[in-house]
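Naming follows writing order (A, B, C and D), and every chain is counted from residue 1.
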Amino acid sequence: MPSRALHRDIRLLDAPFHPGALIGPFTEANPGLGGVCTFVGEVRSDPGVEALELTHYEPLTLSGMHDLADRAFQRFTLMGLLMVHRIGLMRPGEPIVCVSAAALHRRDAIDAVDFCMDHLKSAAWFWKREKRAGQWYWIEPREADHRDLARWQS
Amino acid sequence: MPSRALHRDIRLLDAPFHPGALIGPFTEANPGLGGVCTFVGEVRSDPGVEALELTHYEPLTLSGMHDLADRAFQRFTLMGLLMVHRIGLMRPGEPIVCVSAAALHRRDAIDAVDFCMDHLKSAAWFWKREKRAGQWYWIEPREADHRDLARWQS
Amino acid sequence: MVFLGRLADLAGAPALELAAPLDWAGLKAELAPALAAALDDPRNRVALNGALLADKASLQAVAGDEIALLPPVSGG
Amino acid sequence: MVFLGRLADLAGAPALELAAPLDWAGLKAELAPALAAALDDPRNRVALNGALLADKASLQAVAGDEIALLPPVSGG
């Protein structure tokens, strides 16, 4: 496959989306692939949580996701990368993030998704708050997220 | 979520399948999940490869996949696991394997898929041959697959 | 000037109009003490017109510039 | 007796009927030399009625049993 264009689809969405409707076209846009790995994160049904809101800072957030995609393409041998993130108000059960990587070999596809998710979780420009009993509470970064991120420093 | 049944769907298929048609119902069968990771492997379009055939030994292959699922449920905190593998004759571009894991946390979902794929690739009872220029050639295990498998021994 | 995340709660509004020009000392003098302290907190970053400042104290804003005060991110 | 993967090519057929009862020495005596050598190859596993034998040489097959000769797997 000499000099074929890499397929890249990076989006911020302010309304509910259906991951299945993204993955089919993404897979078809990467003919000849060996494997596709996809992660979909949803708003968990934690007891008492009525809603979740993700704020972003437009001048930084989308360009930060493009920088992250650049680094994933540099670090792994990929054919295509899809990275879609919700912003705004969400209810439990709604998809919040979808990352999909297509590659000739499964190791690249799986590791690229792992890499992008770790960075989206703790190094991307999002601020999260959740509503419990009618009150909004800001979410602090989790220690586990920082540990996950540190795996990629080496 | 006290004592909910774990969702498990393990299948060998001898005809083409559409991964998207499996993942939607699988995701819906695991309400309250935090994330779903899915890997789909396809028959690569390697130059000169006309077809691929996967042979299995029925008394061992499916029960071996169930054993693998048992180990994944023991090792990771999962809500559900889907593992579907093709057997028989396949053409380039056809899906050959689909593994999907649903969990409260992304680390479990991603690692479970990685674990299952490494074991399906080099420790499951499949034999693969490919047809080039009208001749069938048996495929030997790749060294990289053995290295991938060894990551899980610790 | 815009405030992100919990700093919007602290500011009482997501944005504030300030008279230009402003340097770092001038900006702090314009803000309530709690916000001035948040500016100094090394965990909070400052962006000028969408570009992060490596050295916050070097800020030089003129009329029409957008200053953003960004607390630590909290995940996707 | 069934042969999997490339061993089916070596056997010339995916399966072979053999007279029972058979122990390990008896099985090897029934097979062509190339197949008997494949039986001994430690990389090839033997299953009796769908259960892998930890010790191939302990094989004891009676009428109706299925012996399978399994070469190293080659991936999904």
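Everything below uses one rule, namely that contacts are C-beta pairs under 8 Å (C-beta built on N, C-alpha and C of every residue); 3 or more make two chains touch, one makes a residue touch a chain.
Worth saying up front: this structure is predicted, and the values here are computed from it rather than measured.
Participant: Ignoring subunit B and leaving every other chain in place, which groups of chains are still linked through touching?
Facilitator: Connectivity without subunit B: A, C | D.
Participant: Among all chains, whose Cα centre is located farthest from the one for subunit B?
Facilitator: Result for the farthest chain: C.
Participant: Using mean C-alpha positions as chain centres, tell me how far subunit B is from subunit D in Å, no decimals.
Facilitator: Here the centre of subunit D sits 27 Å away from the centre of subunit B.
Participant: Which integer distance in Å separates the CA centroid of subunit C from that of subunit D?
Facilitator: Averaging C-alpha atoms per chain gives centres 75 Å apart.
Participant: Nearest whole angstrom, what separates the Cα centre of subunit A from the Cα centre of subunit D?
Facilitator: Computed from C-alpha means, the inter-chain centre distance equals 50 Å.
Participant: Which parts of subunit D, given as residue numbers and ranges, touch two or more other chains?
Facilitator: none
Participant: On subunit A, where are the residues touching two or more other chains?
Facilitator: 41, 121
Participant: How do the chains pair up in terms of touching? List each pair.
Facilitator: Applying the touch rule to all chain pairs gives A-B, A-C, B-D.
Participant: Please name which positions on subunit A make contact with subunit B in the complex.
Facilitator: Residue positions touching the partner: 20, 23-24, 27, 31-42, 44-45, 92-93, 104, 106-107, 109-110, 113-114, 117, 121, 144, 148.
Participant: Could you list, by residue number, the parts of subunit B that touch subunit D in their complex?
Facilitator: Within the complex, subunit B contacts subunit D at residues 41, 54-55, 57, 59-60, 63, 85, 96-97, 120-129, 138-142, 145.
Participant: In the complex of these two chains, what residues of subunit D are touching subunit B?
Facilitator: These residues of subunit D touch subunit B: 2, 4-6, 8-9, 47, 49-52, 66, 68, 70-76.
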